[in-house]
Amino acid sequence: MEIKELKKIAKDRMKGYCRLCKECNGIACAGEVPGMGGKGSGESFKRNYETLKNVKLVLKTIHDVKDPDMSVEIFGKKIDLPFITAPVTGNSINMGGFLTEAQYSDYVVFGSIEAGTFAMTGDSGNPQFYIDGLNSIKKANGIGIPIIKPRENMKIIENIKKAEETGAIGVGIDIDGAGLLTMALHGQPVGPKTVDELKELTSSTKLPFILKGIMSVEEAELAVEVGASAIVVSNHGGRILDYTLGVAEVLPKISKAVKGKITIFADGNVRNGVDILKYIALGADAVLAGRPIIWGAYGGGKEGVKLIIENLKEELKQAMILTGCKDVKSIDSSKIINLNKQF
Amino acid sequence: MEIKELKKIAKDRMKGYCRLCKECNGIACAGEVPGMGGKGSGESFKRNYETLKNVKLVLKTIHDVKDPDMSVEIFGKKIDLPFITAPVTGNSINMGGFLTEAQYSDYVVFGSIEAGTFAMTGDSGNPQFYIDGLNSIKKANGIGIPIIKPRENMKIIENIKKAEETGAIGVGIDIDGAGLLTMALHGQPVGPKTVDELKELTSSTKLPFILKGIMSVEEAELAVEVGASAIVVSNHGGRILDYTLGVAEVLPKISKAVKGKITIFADGNVRNGVDILKYIALGADAVLAGRPIIWGAYGGGKEGVKLIIENLKEELKQAMILTGCKDVKSIDSSKIINLNKQF
Amino acid sequence: MEIKELKKIAKDRMKGYCRLCKECNGIACAGEVPGMGGKGSGESFKRNYETLKNVKLVLKTIHDVKDPDMSVEIFGKKIDLPFITAPVTGNSINMGGFLTEAQYSDYVVFGSIEAGTFAMTGDSGNPQFYIDGLNSIKKANGIGIPIIKPRENMKIIENIKKAEETGAIGVGIDIDGAGLLTMALHGQPVGPKTVDELKELTSSTKLPFILKGIMSVEEAELAVEVGASAIVVSNHGGRILDYTLGVAEVLPKISKAVKGKITIFADGNVRNGVDILKYIALGADAVLAGRPIIWGAYGGGKEGVKLIIENLKEELKQAMILTGCKDVKSIDSSKIINLNKQF
Amino acid sequence: MEIKELKKIAKDRMKGYCRLCKECNGIACAGEVPGMGGKGSGESFKRNYETLKNVKLVLKTIHDVKDPDMSVEIFGKKIDLPFITAPVTGNSINMGGFLTEAQYSDYVVFGSIEAGTFAMTGDSGNPQFYIDGLNSIKKANGIGIPIIKPRENMKIIENIKKAEETGAIGVGIDIDGAGLLTMALHGQPVGPKTVDELKELTSSTKLPFILKGIMSVEEAELAVEVGASAIVVSNHGGRILDYTLGVAEVLPKISKAVKGKITIFADGNVRNGVDILKYIALGADAVLAGRPIIWGAYGGGKEGVKLIIENLKEELKQAMILTGCKDVKSIDSSKIINLNKQF
């Protein structure tokens, strides 16, 4: 199957929940939460798109990089490219329900592994979704990372224990889920976390602990302070707060502050291997993406997920050749022109 | 009823006078005065939209704000959120006439009160409209503020007296109505006011006196000088002069000049609770909105107005949690990134 | 007749040559020369629109300007508002031919006079068009200014003499017509002029001499040097050279260099009385407009031209009240915020 | 035939491969590679358009330039205007196949010569295409320049020898073809070149050697170092790497670094004679264009190519008159306002 065919099938199966627009920029689906869009005006989604678009590449072809090395090591595990599948749940309310949660998590966990990397799985108002993700990771001998909603600490710690039992590579919370007020209505309250609460979480496990949803230097530094192993610089695909900044514009300052002290993932509108190169050049250690992986899973199941990632790999390779980057370490700010204003 | 359903009904009842666009940005209705649009090219309306969109939020979730306090005190009266319903008249020429003036003012006055705040009512070329607003406020035991057009001082003072008789919380003029040349044709001349004329007005009453339509530091300072209790930073929804600046870009300087000396309201394209947080962070004490309240009244009468405001409240709460603001006082410039250039 | 009705008729009579778009911004008609559009990509037309849009007004209503004086004196003649009708020819190739040249020039010359100002008339590859304009001015006892294409000097001087015979207020050339290479094919070569050639022209007549088509400080200063009485800062409505700057962005520097030494007219996308105020605030003594006057002539003949100008007057009056300008002299840079970058 | 008619025919014959949009800006065809669009999001194509649009002309008409000299000398050969036809191949996969490669190269080689300039011809995954181009140049007694893909050096040197045999004016490689990973699948690997590899190429021939696809000062300087005679500042029409900078924004710095040491061609969205003037003013010695020449060849064969170039000539002449440039040497940065930010 080719990408084009895969997207056509995915579009059909997603029944308008995602339009698979030519340019995935948050305009058509603005406000569609639940759904695939950004919250409210959709500006946080659009901002990810725009600020990433503002990062340009410096074309270079007088050099000797003919076969770049794309591999990186994350939490001691070597992966083929600096890309990890983002945690996603809610197939029925967000994607139209062609897949069950269990199918979806199987496809992304195994498709990611077959493409030489791994997946994060998610959590939701329906606690079974977390279990579905865990089950997939368990079947994959722990090759995956479950991400938990910012529930009460006791509940999170329970979920961390379950993660440990699967042999997972790591575990984390998407702390930006703090604003999901409706989860309280289902008896599953979430909220922000204090430094002390976070310390309790990180010291509850020996697994690398990931804080997903960091968008400021201040909180990146707090993540280091509480003992997290990694942050995901992310505005949750623009789905939790309207009018945030874009990932590409906050990443350089965050990277300057904490690079080397903590692993930095970037997650915002990655659609192409070129985008991976951009975020690495802006300071990330690796990137995450959600929507393209959804297209893969809906359009082709496990094979579709694999195809999407293989395609990213091919595009990244070409971009590394055309900017003269022999390995991921070589991808630095000299390879890009960042047109985003810095604050 | 849900917001979505309410908007559908409102759209139907407004017969094209308002299209209830997905994004309320002044483009589709440009030039529709009378109607719901901005004057001329509609650029003053669009500028409110654009400059407010340029204000971004700093996502923060590592803190202890789980249940923020949204209340503020305005003229000694505590309200549940920093939001007041803006004065609006002209149901037949601007909104299509599904509601009478009396119905409209009843709906907004009582809907606002039931949502924990209060409404301003308006004035017009047809002087009965002012009386309709007063009647609603009177029935509500004075919980409301009538706003008078910048008529001849003698006429305004007469109208202030009538306002006092209703037990109103305050009274004011929308001085930016000065350009409504056609009101003179109906024997109701309006115009700008000198400092002395304004002093005569403020000293004619013990009620808090509001000057609505201030867009410069100079006039904000004059408002303090003449003894006004509050200003509304507003370009009248873009409906009186084409090509003005936007509220969000003039507010910070005005706030810097007069904050604490006078109450500052901001009025410009508030459509979401997030927008309330933005204007407070830019220096307002509270905000006003007109168009969404019209949708509420047209889509669901008093209950519709209440629903709109309750929704703003919910959105503001979520935004305060996700930016770490425990109360309205905590909403300051550190919570936003203001991308508007300052002059 | 109302403006709305007038435009409807004009649109019909112009048969698609002008679409009378809601926003007259050069987009729909880009490249339509002949026609009503800008040359090539239409960017010079669009730039006039955009740079004028970038000029914002400072709303002011605390003052005593209730009845502003809009009159100015041009070449010793007092006119009711700082507006002059721009020279236009080519009814059949540019406007669809509903009007003859003679009808058109009669309508604009007399319509302008009845509205309290006067018109310029034009010249063309067909030399009869110049005569048509002269005839109208002659019938109007010389109240008008003929503008000649930059032909060979001898030919221009002949035309100046004919202008003198009509008793015209002034005379001039649209020197930016220099690029009309096709006129040479009709035996009517045009081209740029040296300083000496221009001196020969200005010293050939006692009439005020106008240089239309100045877009730089350097050439504005040369206009003073050669003894011209006035310049028109203009890119010819974007119709002679693609990708020029906009009038609103070059005017301030030009005004700074030559104001007081020469009369400065501005001509670029004036569609509303507000635009007149903007150009005066940027440094012009008066403004010109072409396209809206064409709509007037096509939609309502002489009365239509008058209606358009009366409407500009009403809008200018309102804008002067709402910015606190008691007369044209008071309209200065403090009344605007100019968002155009200066080079 | 007129340009308008030519484009109509071309559009028909290109069967949607090119839409001949009113504004050729890379939007409609984004991602169409193969096809006529830019790679991926099409942003590299769009960036060429936008950054060239950001270059504005200073209108000047007070001077004595009535008949400008447009000629330049390239590699000792005088041409009538500073324009050369860009190398293009792939008629069947990119343009719809109405023309064969041999037809296409004949049309462009001879059409260019008849218009007073010459063409470059291309290379491709199908090595016959290179031969087709050579054949046309040979028939034209060597008036043309073949451009070779960045194959293995031995293969390139073979192709250079074949070029020499045609008596070609020069020879070169489009080094930005380095990212065409799929060529390896057809047993025709391409890739970047080291300084040493390039030196081997330049010293293998006495012909002027051209490096096409330079987008940075660093590589422009390396081009001088390796002994190239010319560079083409080009992002390959946006077709090899997504999100590069635009030609117009990198050209000034490159020109500042190497002007005079090497011939500088600029290639990016030239659609009009005005664009030629812009690139010369930004520092190029001459410009290249591809897409408009394709329209010429498809719409009118050899005559169509000639018509397109004659039209560019007429437009350039007019632009030189209206900016006061008496010859190509006079076209410098004083003739433009460059709104592109410099990094």
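Just so it is clear, A, B, C and D label the chains in written order, and each chain counts residues from 1 on its own.
Operating definition for what follows: contacts are C-beta pairs under 8 Å (C-beta built on N, C-alpha and C of every residue); 3 or more make two chains touch, one makes a residue touch a chain.
A quick map from chain label to UniProt name: A, B, C, D = L-lactate oxidase.
Note that the structure is a prediction, hence the values are computed from the model and not measured.
Steps from chain B to chain D, taking the shortest chain of touch contacts, total 2.
For the copy pair chain A and chain B, the superposing rotation over Cα atoms measures out at 90 degrees to the nearest 5. Of all residue numbers that take part in the contact between chain B and chain C, under half occur on both sides, making this a different-residue interface. In whole angstrom, the spacing between the mean C-alpha positions of chain A and chain D is 41.
Once the centre of each chain is set as its mean CA position, chain A and chain C turn out to be 57 Å apart. Those residues of chain B in touch with two or more other chains do not exist in this structure. Taken as a graph of touching chains, this assembly forms a single closed ring in which every chain touches exactly two others. All chain pairs in contact, by the document's touch criterion: A-B, A-D, B-C, C-D. Taken in their complex, chain C has these residues touching chain D: 30-31, 40-41, 43, 47, 150, 175-176, 178-179, 181, 191-195, 198, 213, 215-216, 218-219, 222-223, 235, 240-245, 341, 343.
Taken in their complex, chain C has these residues touching chain B: 22-23, 53, 55-66, 272, 274, 278, 314-315, 317-319, 321-324, 337, 339.
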